[in-house]
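Take a look at the structures listed below.
Two complexes come next, and they have one chain in common, chain A, joined by chain B in the first and chain C in the second.
Moving on, here comes the complex of A and B:
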């Protein structure tokens, strides 16, 4: 393990001031410390941002403001989250284990790295970890990797469950940085790998997430469903966050939001499926049509083709269950 | 009885190998081969040696003197040949573990001449051969009657190929060692081992020391499942590093290193052919296993061995063929042979039941042999049929509709399945010592408690023999300085050690002060019978129509394992084995990258073992079984039979639920969705 310095910042200003090349911000450490042990992350300097005053959830008003340092367990257990955004609570609780959620922070959850096995093993090439070294997952094992939006450089998936629910809810990420403060939407925070798979997000060096805000809960019913062969403590093969608002008089879809996990380098907002469904009859046939419209652009690899029917089935079944 | 050391364990007072303190201790970190096959051309440790805190670098550039190179996995740094990716090729010793690791990963440059490698097991591999013996010394092939004639006369046949993946043991405690060279040249190792005496002997031989100058201390071991049953490179490396650094050295393999360096279950390709008459009576059984070993050493798993004892059939054949690949040497993992072999045989029996239109329990009962079907020896006891019947009663098997794919609860397909279990009941020679100290009884035996409760059951055995309360008995295990005993393996621990403890206690009762025992002669007399435990496992599964997820709401095991000495501990072993078997059925697999030749998912986040959430209603019970032909306790081993048959029971239930027969484990959503 590489020697590194450690400092605990009291506020955002101090964190930003301390940031220099080779610095990483440390949240719960549930992913970063693992990556440091594995030699995947080799920071010179860790600035601990868990003591910044971002550990509260503000439920006043129509939406919700979640501090960046709020622990995943606290987020999932918060009454306002459970009552108004149950899909988010469910997504958070479907991730990791109780112990990990007790440590992991909201911002850290968003910024966790892919669990692609090649990325996590420094004895192997990986374009994300060592640009231009190659992607052995494409000719090798990619059973759990991306079917949408991947590139010849990278087929990694984003591992977060929480981010999938946030993508469906239209969350905003509040960022402070050396130059200025800004707001980045989800989807929009994470980027597709393209020719620069080493960049997971649009954040620039030194930028620090301070909060996530949610708009008022969308009308309709919502659900988060995650598929995995082990019943807990496993990343999604495919997951779906879905909100469905049905006009009961006409049995047509007034609005819907669908986001997928485990299929892409980003939490994948299924905009084609949503567009196909708005105004359409709330029927299984239409759900199938919408799911297939979304998955028409899927480019599965030889060993992960199962994700296409799995994602289709998951979208259709989840929407079916949301019909009032 | 609760575990006698339970309080020590939950309060952290029980010490494991890595936790022993030592003055001025150093740490060693391995460097592993970056190529899968080839030759080491150069070792440049300049940067490592220039790192503050680094004490020594070991590699084949300066091969350390060893007494024996016979075990090529333990002959560290003796050769410039690389036999598999991840092989130990160098190591760095430093004052701090972080320094050792950083210098090992970034300060040692090894130049290789890489050669093309071959890591893929396949049934048509040109290098396949028949080994002389299979583990633990059984014939590789058996034949009786005319198998082809048996198939020709059969009314119903099954001919199917089943595959099981590479599997890793994954005990909680990593393989860890602290090595301390005493001033007089003696060596003490605190080593995570399943057998202190055998470990001591192996280490002494490899290092070229007389055994009496080496002591292995291992009172508490955090699991092994077979992976700590033989000496591992960590023990030799710690000793060499301590010698090089001139101070005690500690080493705990990382989880990732454990995958390469501590053994694994070979993948298998098994063709099973069954022929039966119209009533389901077997006319022929053929079980052909294909498996792998390394180029370094032969380890031949006894995959088809359980087929030799399970069912009556006049015409029968079992074969094993091996291919030597550029892979680490496979080794023991809970029920080697029986576990993967019974997945194939018991899946095939289910296929035969479906093909013949006979209930799978009835099919097994119709093929129950009177004597061991391979050697005509009488069974010392055999209660498979009783287990099947008792299980059927408890599970509610009667009236089961055999048609597959017709039970739907919401979006879940429901199915049930059954499979048989078996495991040999053997024992090995051991010695023990029983004395009276301060008015209490002290039993000394170099047994191993790897989390099974061995210390506890031996306490109970001693107390019963002595006619005293368990509280009056203290049992000392886990130290090669104690009276020699066999290792914890092959489900032989309790039978082997218990025999010695009973004899030592009997001698103490006669003598009044001290009793010793050596069971060598007793064990040599263990002939004339075929000795095996049997069981029946029942599974109910739910398969999600949309996602292919399989969940197991019910799992029941009924076992006939002689006298159950300590119900609480025995149940833990059965349930633990069944849980591991369920993991084997549904999730466990080590993935090999065929291009780079190495294991890929080498940690507990990626290699999935069953979690608590996967275990719903799981139960293990046993039937009363008296067997006078075993040992003084009348007990059969219970450590491994629980994992035997579980995967087949689950796979058979998946077929009943879905109509889909998955013959390659594990049964994951990608194989069922769509």
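Moving on, here comes the complex of A and C:
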């Protein structure tokens, strides 16, 4: 591991003041420390932001404000999250292990890096790690990588479960920075790889996430389902966060939210599927039609084409379970 | 080098550490507490699990400097008596249930189970998220999924944890 300096910031102002080129903010460290050990992340200076006063979950009007430093386990165990945003609790609980969730923070979960094997292997080229060096995943090991929104430069996926639920809920990310404060929506925080896969998010150097706010829970029933290679402690091959609001008099879909994980460089909000379903009968045929409308733009690679029917079936099954 | 203070198994230690040092390496190489094991060193196997401020954590993923001011309990400090010779109920149950073969993962299993038993709330397999569900074998397996056992002693590990939880 490259030598670095370490400092613990007491508040956001101190963290921002200490930030200089080569600095990274340290949250729970469950991804960053590993990447430093692998030589993928090479900061000169770590500013520890886990002691900033952002470790509470509070009511925010009819919504919820989740501090950036709230640990994943505390988020999933919070009564308001369990009762009002069960999809979010389930997404967080489906990620990582008990130990990792105790350490990992809310903001760190959003900003974790892809688990693409080439990104994590410094002996191999990777456009995300070393721009313009190439992408060996496209001709190589891409079984777990993207089918939607990828580019010729990068087919990495975003690994978070939590972010998929937040994308379906329409969460807002509160950011403070050297110039000003701003609010970035999810989806919107993460970006597609395009020609700049080294940039995972729209955040600029020095910007610091302070909180995530959730609007009031959307009407209807919700669920988070995740398919992975083993029953626990594995990243998603495909996951889906879905909210379905059905008018029971007419059995038609009043509104719905669908977000997919494991398929793209971002938590993928399935807006085409949502549009296809609004006002449509709440039936399996319509769910299939909506899922296929979304996946019509999928561009699978030779060894991850299985994700297209997997995503389709997962969307359909999850929606079927949400019919009242 | 960075100065730091750590309370380890009840003793306060003043330390001067290279910021690159993991909590795991600090415990094993500096403090001689070799009960905590290094398996994968990537947070994937759980052999390095300790209690950090009372909560289970992967010591390999924690930078020691980031633990300044914290309290750490390792497998050496899990027992109840002042001299540490009194086994923790989990340790007794692991022996009685033959919950290991080679034993390498056992310190991490024990610390993880101790942390897990103190946790509240649902897991990924809990049907009703508003519940604090009973600790069924299915719940134990899910909650202990961060601890791998290459010998495959899982059946007895689950039984031992269930017994200690009673």
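Note that in this section the second predicted complex is superposed on the first by the 323 of 324 C-alpha atoms of A that agree within 3 Å, B and C clash if a C-alpha of one lies under 4 Å from a C-alpha of the other, contacts with A are read in each partner's own complex, and residues count from 1 in each chain.
The definition used in the following text is that a contact is a pair of C-beta atoms (placed from the backbone, for glycine too) under 8 Å apart; a residue touches a chain by one contact, two chains touch by 3 or more.
Keep in mind the model is a prediction, meaning the values are calculated, not measured.
Contact with chain C, but none with chain B, is seen for A:102 once the two complexes are overlaid on the shared chain. Once the two complexes are laid over each other on the shared chain, residue contacts for A:194 go to neither chain B nor chain C. In the superposed model, A:122 makes contact with chain B only, not with chain C. In the superposition on chain A, contact of A:93 is made with chain C only, not with chain B.
Once the two complexes are laid over each other on the shared chain, residue contacts for A:232 go to chain B and to chain C alike.
After overlaying the two complexes on the shared chain, residue contacts for A:50 are found with chain C alone; chain B is out of touch.
Of the two partner chains, neither chain B nor chain C is touched by A:170.
In the superposed pair of complexes, A:1 makes contact with chain B and with chain C alike.
Annotation: chain A residues 1, 3, 231-233 touch chain B in one complex and chain C in the other. Considering their complex, residues 1-3, 38-39, 115, 117-118, 120-124, 136, 139-141, 143, 227-234, 237, 304, 306, 309-310, 313-314, 316-317 of chain A touch chain B.
On the side of chain C, the complex with chain A involves touching residues 2, 18-20, 22, 41-44, 46, 49, 52, 55-58, 61-63, 65-66, 68, 112, 115-116, 119-124, 126, 129-130, 141-147. By the touch rule above, chain A contacts chain C in their complex via residues 1, 3-6, 8, 26, 28-30, 33-34, 37, 46, 48, 50, 73, 76-77, 79, 82-83, 86, 89-90, 93-94, 96-100, 102-103, 231-233.
Touching chain A in their complex are the following residues of chain B: 32, 34, 98, 101-102, 105, 256, 411, 546-551, 586-587, 591, 593-596, 598, 600-603, 605-606, 608, 610-614, 666, 668-670, 673-674.
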